[in-house]
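Both complexes below contain chain A, partnered by chain B and then by chain C.
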Partner chain A sequence: MATKRKIGVFVCHCGGNISDHVDVEKVVEGVRGEPSVAVARTHMFTCSDSSQQEMIDQIVEEKLDGLVIASCSPKLHMFTFRGMAERAGLNPYQYVHVNLREQCSWAHTGDKIGATEKGINLVRAGVAKCALTVPLSALRIETQPRALVIGAGISGMRAALSLADMGLSVFLIEREASAGGWVSETEMMGPEGMHGPEVIRALLARIDAHERVMLYTEAELIERSGTIGNFDVKIRLRGSEEIPLNVGAIVVTTGFDTYTPVDGEYGWGLDGVVDLKQFRQMLTAGPLVHNGKPVRDVVFVYCVGSRQVKSEACPAPHAYCSRYCCTAATYTAHTLHQVAKQTGQAVNQYHLYRDVRTYGHMEMVYEQARQEGALFLKWKPDTPPVVGQADGRLCVTVKDELGSGDSMEIGSDLVVLVTGMVPRLNGDLNSLLKIPLSKDGFFNEIHIKLRPVETVIDGVFIAGSAQGPKTIAESVASALAAVAKAGKLLKKGYVDLEPLVAKVDTDKCIWCDECLKACPYGAIEKVVCGDKEVAQVLAAMCKGEGACVPVCPYDALDVEGYRDDQITAMIDASIKEAAIA
Partner chain B sequence: MAIKVDSTIAAKARKLGSGDLDKCYHCGICTATCPLSEDGVSFPRTVVRNLQLGLKSKLMESSEPWLCYYCGDCSDACPQNAEPAESVMAARRYLTSLYDWTGLSYKMYTSKAWEFGAVLGLGAVVVLLFVLFHGPMPTALTAEGGVRLNSFAPAHIIELFDLAMGGILSMFLLSNLARMVKHVMGDDLKKISPKVYLSKLTELPVQFATQKRWKECEDTHMWKKHLLLVCGYVTMFIMIMGFLRWFQTDTVHPFWHPQRLLGYFATFALLYVTGDMMVGRYKKKRAMHKFSHSTDWLFLIMLFLTALTGILVHIFRVNGFPMSTYVTYVIHMAVLVPMLMIEVPFGKWSHLAYRPLTSYLHKVKQAASAQNVPG
Partner chain C sequence: MSLSVNKDHGPKILVFSSNAISDPGIDLAGSAHMHYSTAVQVIPLPCSSGVKPSWSVHAIQKGFDGVFVAACGGDCAYLSDCTGRTSALLKRAQEMMKESDISPKRLKMSGLCSVCAENFVSHMNNFQEELKKLDANA
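Let's turn to the complex of A and B:
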């Protein structure tokens, strides 16, 4: 240590949350003798405004160059005290947070001596780490006011328009020949009966008229590099022409695919067994007729390709609920009722379901279907309905859990399989974007509730049913959430990133690519340094996770804030002597 | 063999009064509310389900509809206003029409033309018979000042008609009952030992006379009224069918004579309860009175009119109005005969036999299954 450090140590009572179980005064005494400690004292609440002001005064007066606060979890107040350090003129990264509440007092209630001893050791470790801190500054990246939206379904179109309305330039790319996705194929959208193609036409007109949205169809992303705020991407148009673009953020709205039953699954392949989409098309063609005969009985089978149970026949089940199908099927019941009324047909409907999940206001769709005479029969996953043929018709055998549970036969002209959503196969897109997939195979967000549209790749957002089954309304809501996140990022003009990232010792590194393989964020690249190849960390992509550090055979990597020498010093400090004799 | 789902049965049930069948979403509050529903005989929800899906075989073998007395608690508790009690009522009508092998029952339940045509036609036949075959119509009175009714319609001849009518009635009713037993018991019919059948036999007269099960309903008010009605009716029935010569006399007995006292009691019971029921159905205050099928009204009106014309005959007779007595007597018979001939085997009144019988069969089944429990 070149110069002696002057560290201030402040131990918090946290009202009594800490001091009831840890003798905070003894903790202060336990570290006061450390050579680098200039100030050590307690506060009733370190987070209070008055305590913060006292600490700031002391930092300035004593010219402290390091700060250790032993209080609650860093999740609660690390940023509070970083800000405080900054206000006192101290580099925020020279402040060390010790968790004396969740990791000490609350964990050891009833053992005050033991807890106090542990507390002293924890604070000593904090002081040892603090003594080895260096001033760091946040990594500031300028963001480009342009966004790329991948997938021009309802989510992508709404996201593109909203981003453009914020004043950002948007490139909207679509793999198919026309924009609109599934909505453009849905003539009647429940529960309001909106006409899908018309909705898409209206959005397309707005996109065409918008000077800041550029729509590319038959376009695919083929290259991506760069970091948050500044991505270089390449688009291939109609299989040949390539367009390089530079964008600040990427919104991925690539949507879903529908489940295709395997042959024989609920009679799939038999004459008269159709999926919901095919059935809805039949409904648009006037009187409901099959093989030239008017349809009298229709059986709907729910949860086809959703909430599957693992079995020999189904080794990789889609275990999730596809969310939209119950509403779509009950809405179809209403449509069928209306068509039958118009054409004077009497059609009996039997809906074989597991649970009717028409959540929220969509419950009214279910209620309407019921009141219009559709019958709902509940089956259990271990006794699914069996679709076969008898007397020249289809015959569905089902055990009705709402009745006696006995097996019963329903003669039927049509059987409609209500199929769910499955992840879309996106080709090379997944490897280009590096967004992790959930166990269901959809793009995975960081946290379903707290960070629902962000991915582990900074600057890349997901929305719509690309991240899991959603209704149209939910897809649009998530698209707008992604717009809010991307817009906030790009409109600010810059982004500050944590400097607590990995760094490479180029003397030790000989490029063996172990770190590259370990990094989940793609933050390592190979560069030539002098006469040899070495690894380089792309600071803007690195999360400081540290997966690269232990795998390096040459000990050439360190994560700032958690350097080897710091960790070693912490261990040494916490075990060097008995805290209380 | 899997049971077949039949959509035509729900349509029939709707015709028979179960108009709100589709509203039911099977929460089961009705069954939870019903004080009569128990393990093994669960209703009304199961009855509603069987009607919805049209499970004819299930319905035909079920005794549940007859174990319900329509207190209406389930309909009051139903969160969907699906009127489960009315669906069970419709199930009773449906079963009555199923057990009736002549098919007349369903026709009369679903067609007003059949219903009223049958009543009026039969009434007209009675009037015609009297016009053609009545005895002398003396205006001279008896020593007590009474009318000589037995000259116009001799009791021993009317008695013969009574017996003939009773025979026809019993034939229809018993054949329908036999069908009911066959369906309700199914394969168990012969499996259960005669001893068990015998041991529960007292259930039949007890339930017939007292409708004891009904007492389990929360509101015993209707049970009491119904009991009064049954007492009145049975009294009158015994006097007419068994002791007509004692009951239909020309002699005017003193007021305290049992013939008169019993007659007054029966008349009062019939008039009071049927009148009260009609007022209830008109006001629709109770759940059980909210829905009235035309057959419900017809039955009540005919019973009321029978009692009313009966007492008028008596009043005219003891006060010495010969012509009024004869005319009223004919009207009385023109109401009474179709009421018995139509309502008992084919209509609402058949419940007098179906209810005690299902109650009995239910006990037999319970006793049989208790015996089969090992250990």
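Let's turn to the complex of A and C:
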């Protein structure tokens, strides 16, 4: 470095959480002699208001140009101290956080010498990194007050309306000829008995009347460029007309598909073997009749296409639970009971299940089905029910695990396969949006609990069953969560992005395209620089994960904050012997 | 309180963790007071797909006995093929180590999730044992 740095090092006692197991004064002594360290001291609680004020005063008085705080995990207070640095007039990216609690004192209770030596090394590494920091500023991007919602099922419709109610313009696109998705085909929705098509009609009426929602049906996304806050997209209408749009955020609610059994799977293909959707349609058509005869016995087989185990017959299993089907099937039991009562039919119901996962309030649906006489028999995955034909009827053989354990045969007029949800085949959409898929094949959120509707593509949100199996209520809840995130982004008018992204050393780069191939985010482009072609990083699209860095044969790439010189200096500082008396 | 008698902390291990996935797992080991050697030191990075092979080689040359890449594994939020990319880097680093007469066994990786605290501790203990054997046979 050309000029000597003036770094302040503050080591936290954390009340004793650190200082009981690490001699914090010795840590301070251990780094005080470092040439770039101007100030080194301890605080009882660095995060307290008074300590923060003292540190701010010291930063200002001593004209510090770097800051290292050794305290708890950065997950807790990195942003606290970045903010503090900023208040002290120091660039927040010249602050380095050292994890002295979770990764030192708490992990090494009872070894104070060892922990202190390690603590000194950790802080030295932090100082070494800090000495090489440069001021960085967040990338501020203006956001456009418009949103694109892809998929006009219940989730997309609710999301579009709610975003429009916030004052944003919304383009809602639907691949099919009409909006409504699966709900528009579900006449009886459990547990309240709502009528799907009516729910959709009501939403559609509101959308039609809303001046800020534009619904396009038979519409597909065919192009997407730009970044968070400012995406250029192109929509193809009815296979020909193309409409360019500019939006600030995208909400993806493309829904699911239902599992289609393979021929012969639980008798699929035999006369009288139907899936749950087909059976529900039969129920809406008056007395339950099959082949002109009243139906007396119905067998339901649960978990068809869900919780599958890999085998020769099933090389690409759907290993997950589809969540909605137990409730849907037990609610159908109730509906069948009602229909039979109205038409004076006596119908026996047999529900062959693996586990009944009617969680939360939906347990009451299951309870009601049992009270109304539906019989539930549990089978194990290694002895699944077998559906065949006997005496001109269907015949299901099942081993009742909770009863005698013997195999029993149930003669039946209809066998209903309770099929699960599978990821929707979205054609080119996946490659256009670049949202990672989960191992189950659905769109993947950043964190299932902490960031459940955000994706690694900033400004692109996911909701509903496009993200994984969900009930209608869960889908709408996640749609409104996505509305909250997208709405916050667009209403604020701008977004600040982390500047800790990749950068290219144009002296070293000769454009070999290795970085381009390594980047899944389209953040690398070729530009002319002087008399040669080099790579350039589109900062707003770069995620800063650094996959391009090690693949560059010319060492021309670095991620800011984790530059090669910084990591090397940290390694060197970490290994220096810490001599403590 | 005076400092207790110093102990042998075993082979020195440098761990590269990832901010969002394995580093919280290592934090959790500390929060649960699961002890591991103080000779283990962590440098957090955004993602294990960004660990330069030269860093691992440099660490060994400077005096670390082993380098452990606590990879994002299947949980990586950035790359669905993070594990494949990280292992390719590891292989490259091991080739470089061989060229510098360093045993490639000094470099290890394993996917470590954000709650894999016990896993981390057993990895560290096992790796230290392996490194001890390596040095005993050298």
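Note that in this section the second predicted complex is superposed on the first by the 572 of 581 C-alpha atoms of A that agree within 3 Å, B and C clash if a C-alpha of one lies under 4 Å from a C-alpha of the other, contacts with A are read in each partner's own complex, and residues count from 1 in each chain.
Criterion: contacts are C-beta pairs under 8 Å (C-beta built on N, C-alpha and C of every residue); 3 or more make two chains touch, one makes a residue touch a chain.
None of these values were measured; they are calculated from a predicted model.
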Chain A as common anchor, with chain B and chain C clashing or fitting: fit
First, second, both or neither for A:Ser162, with chain B first and chain C second: neither
Angle at chain A between chain B and chain C, C-alpha centres, nearest 10 degrees: 100
Contacts of A:Thr116 with chain B and chain C, given as first, second, both or neither: second
First (chain B), second (chain C), both or neither touched by A:Asp23: second
Which of chain B and chain C A:Ser478 touches, first, second, both or neither: neither
Partner chain(s) touched by A:Asn348 [first = chain B, second = chain C, both, neither]: first
Touched chain A residues, chain B compared with chain C: C
Touched partner set for A:Met408, first chain B, second chain C, both or neither: first
Which superposed partner A:Ser73 touches (first chain B, second chain C, both, neither): second
Overlay on shared chain A, then closest C-alpha pair between chain B and chain C (Å): 35
Footprint overlap on chain A, comparing chain B with chain C: none
Residues on chain A engaged by chain C in the complex (per definition of touch): 23, 73-75, 99, 101-118, 121-122, 125, 436-437, 439, 444, 446-447, 456, 500, 518, 520, 543-547, 549-550, 559, 562, 564, 567-568, 570-572, 574-575, 580
Chain C residues within the chain A interface of the complex: 1, 3-7, 9, 12, 14, 19, 23-24, 26-31, 33-39, 41-47, 49-55, 58-59, 62-64, 74, 77-80, 85, 89, 92
Chain B to chain A touching residues, read off their complex: 2-5, 7, 22-23, 25-26, 46, 49-50, 52-53, 55, 58
Residues on chain A engaged by chain B in the complex (per definition of touch): 297, 348, 350, 367, 370-373, 375-377, 397, 400, 402-404, 406-411
